[in-house]
Amino acid sequence: MDPITVTAQWLADPAQWEGPNGIPARLLEHLYISGVSLGIAVLVALPLGLWIGHTGRLSWLVLSSANAWRALPSFAVIGLLVPFTTRIDPSLGFTLYPTVVAMIVLAGPPILVNSYEGIAGVERDLVDAARGMGMRERQILFGLEVPLALPVIATGIRLAAVQVIATATLGAVFGFGGLGRFIVLGDANQDNGELFGGVFLVAALALITYGLFVLLERLLVSPGLSGRTAS
Amino acid sequence: MSTEPLVRWDWLAAHLGPIAGRVEQHLYLTVIAVVVGFAISFLLAAVSVRRRRLYPFVVVLSTAVYTIPSFAIFVVLIVVSGPSVFSAEVPLVMYTIVLFVPNIVAGFDAVPWDVIDAADGMGFTSGQRWWQVELPLALPLVVASIRLATVSTIGLVTVTAVLGDSLGGLGYYILDGYHRTFTTEILVGGLLSIALAVLADLALVLLQRVLTPWVIAREVAR
Amino acid sequence: MESEAVASARARLGNSGAASLEFRGVSKRYGSGPDAAVAGTPGAVNDLSFAVPAGAICVLVGPSGCGKTTSLKMVNRLIEPTSGQILLDGVDVQTVEVTALRRRIGYVIQQVGLFPHLTVGRNVAVVPALVGWSKERQRARADELLSLVGLDPSRYRGRYPAQLSGGERQRVGVARALAADPPLMLMDEPFAAVDPIARAGLQDEFLRLQKELAKTIVFVTHDVDEAIKMGDLIAVLADGGRLAQFGAPDEILAHPASDFVARFVGVDRGLKRLSLRTVADLKVEPAGSSDGLPTFVPATKLRDALSILLVADTRGGIALDEAGKPRGLVTVDEIASALADEPAGTETRK
């Protein structure tokens, strides 16, 4: 039987849609953990990036984190965290922690780098003019720099979101749940329907997330900025 | 839970040969992907620059590929063509193309128009202009993209471990170590693959400096 | 004071001679079909005809969109004319293979367009490299030219363009255009991107160079004062690329051919004419007592002399001769009468 038919059959099977190992359960698992990780990463990295961009201090942190991020294979990160998290909390760590920690760690740099670049990319003349008019630092940051930097910052969050979903998928190899589980189980059980079903679901989730973020960016960015500000 | 020490040095000492073999495999898989990917990307980029209308199409396609988690794509390939180097290389090459094409196009777009005007006015043929002016000036971004693609591929090679024991480079140790709850193996696989990526990054930064000395000059002049 | 290097460079530089240039009925239309408007289309050119003798500087000047840059670019065929001919030493440029043509014409643009990835030395030697000179000859030539434009080769040849100031880049651009010793040079607002003080310096140096090299030069600018200072001949272009007037600077200032030209050269064209003449040209009266009177060396421009006299509020000033000895008295009336003379250079040229 060809892959498409098998997958379609698997997806159509009502048994797949119920229970703790069903599609909805796994999907929610995936989304929940992704959302939480992204949220934590944003809470930490975004303010940090804005601050570094505005004051210009500690900018080496951004550069090294960008380089580190590129050089860290997510597979290695999750794998390396497993032995350490199991030592911390054997009952919980095995399924949840390594992947989540990896997700947060890997989502941080894109947000940090892009927030920094967005703020630092605002023309100095504009900032000087604002300062000269008597705006306070906080007003400059939130009233001028952030709105102008929004496209770049939003892109960074989008990159992080895609990264998080991919890392969660990979985590299934290390015992994590989520939609990646179907791929791993399908491979183990030689069940092509489940395997390709998982692939389909994962791909769909990633693409839809990407699309939603693009839409969000369109809505959030001021119409006066339909092009790029710098360059 | 376990009374085992974190690192079993004796295992390490006994397995230096196989480890080196895995490093070699890791590099081998990376180099093939980057070289093949670059060749294909260069052609695609050249076409995109001449036929601008095709370019958005290329961008959309490559973004879609990049967004889909690599793990999923690798597994699809096992099923389709079994656990082989080919199965590993197809996704690896695809991912490098995704990184290369936009950057190569951007590199050529970045050549200042007044330089092109001056070159035409001085009597360069279009071939000479491309070789002697446009290509060198596109080089910084192109080399930067080679750096990015290489480091990213090193990371992805670790994922190929899911394709089977014969592949994966250093990723093999990560996966095997996980399955056997053998920390030493995980550390070897994980730390070495990170080290490999960092070293490659440094080496390529040096290459960037060597190939484009005028970029340094600009930084200094500021 | 010229350094020895510059002096010997001047002595050694060959001059392959200068070419004459002629525009015959040259037009450029944009758009197609009978509706293609020529007048009013920015950059269009309409039936341009004038002749530039070898060794002269011809300035194309006019408001934005009058087609001056378009006309310039039709000489080295970066833009092809819709009709008409451009003759270089009597040869229609359309009949010459285009890259060979361009390698024989020096080309300087406003942004200079130096190649960022080449050192200054290699930049200057671009065209010689293209036509196949040996490495030694290229390097020697680059050094000569750098000296000529006032840049010490040992300090500049290894630098990159990003490390130079705007004025230095302009000089390198000029050196680069001269490298293959072309008989004709095209310059498109070459000094516009530089601050006024540096610009004046560059203009003066260029005129000095031209005295040595006597190249044929077509120079585009939107600045009337620059046109008057630099040009032996001026072509004033109006909207739509029509030739409004062609002639020597003094002629155009003294007898503007239309209201447009009169407005373009400015209401102070009388004063502008005064800057084309010097005290050496004036007749003098007997001096009498010369106490407390300002003195003028022969090279003093009449415009400056007038300005000094107006401020000094004396009956006149003392003109000196080349040796510095007093020649006689010059008065404001005497200066004013200089304007009554017929413009210099009105005798017809080929």
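To keep things simple, chains are lettered A, B and C as they appear, and every chain counts its residues starting from 1.
In this section, contacts are C-beta pairs under 8 Å (C-beta built on N, C-alpha and C of every residue); 3 or more make two chains touch, one makes a residue touch a chain.
Just so it is clear, the structure is predicted and the values come from calculations on it, not from any experiment.
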If you average all the Cα positions, which chain's own average lands nearest? B
Top contact pair of chains, counted by C-beta pairs? A-B
Farthest from subunit C in C-alpha centre terms, which chain would that be? A
Averaged over CA atoms, how far is the centre of subunit A from the centre of subunit B? Could you give it in whole Å? 21
Centre-of-Cα separation between subunit C and subunit A, whole angstrom: 61
As a quick test, compute the distance in whole Å between the mean CA positions of subunit B and subunit C. 54
State the interface residues of subunit A toward subunit B in the complex, per the touch definition above. 3, 67, 70-77, 79-80, 82-83, 86-87, 90, 162, 165-166, 169-170, 172-174, 180, 183, 187, 192, 195-196, 198-199, 202-203, 206-207, 210
Of all residues in subunit B, which touch subunit C in the complex? 112, 114-125, 128, 133, 136-137, 139, 212-214, 217-218, 220-221
Applying the document's contact rule, which stretches of subunit B touch subunit A when the two form their complex? 1, 6, 63-64, 67-73, 75-76, 78-79, 148, 151-152, 154-156, 158-159, 161-162, 170-171, 174-175, 177-178, 183, 186-187, 189-191, 193-194, 197-198, 201
So, in the complex, the side of subunit C touching subunit B is made of residues 76, 78, 99-105, 107, 109-118, 126-127, 130, 159-160, 162-163, 176, 186
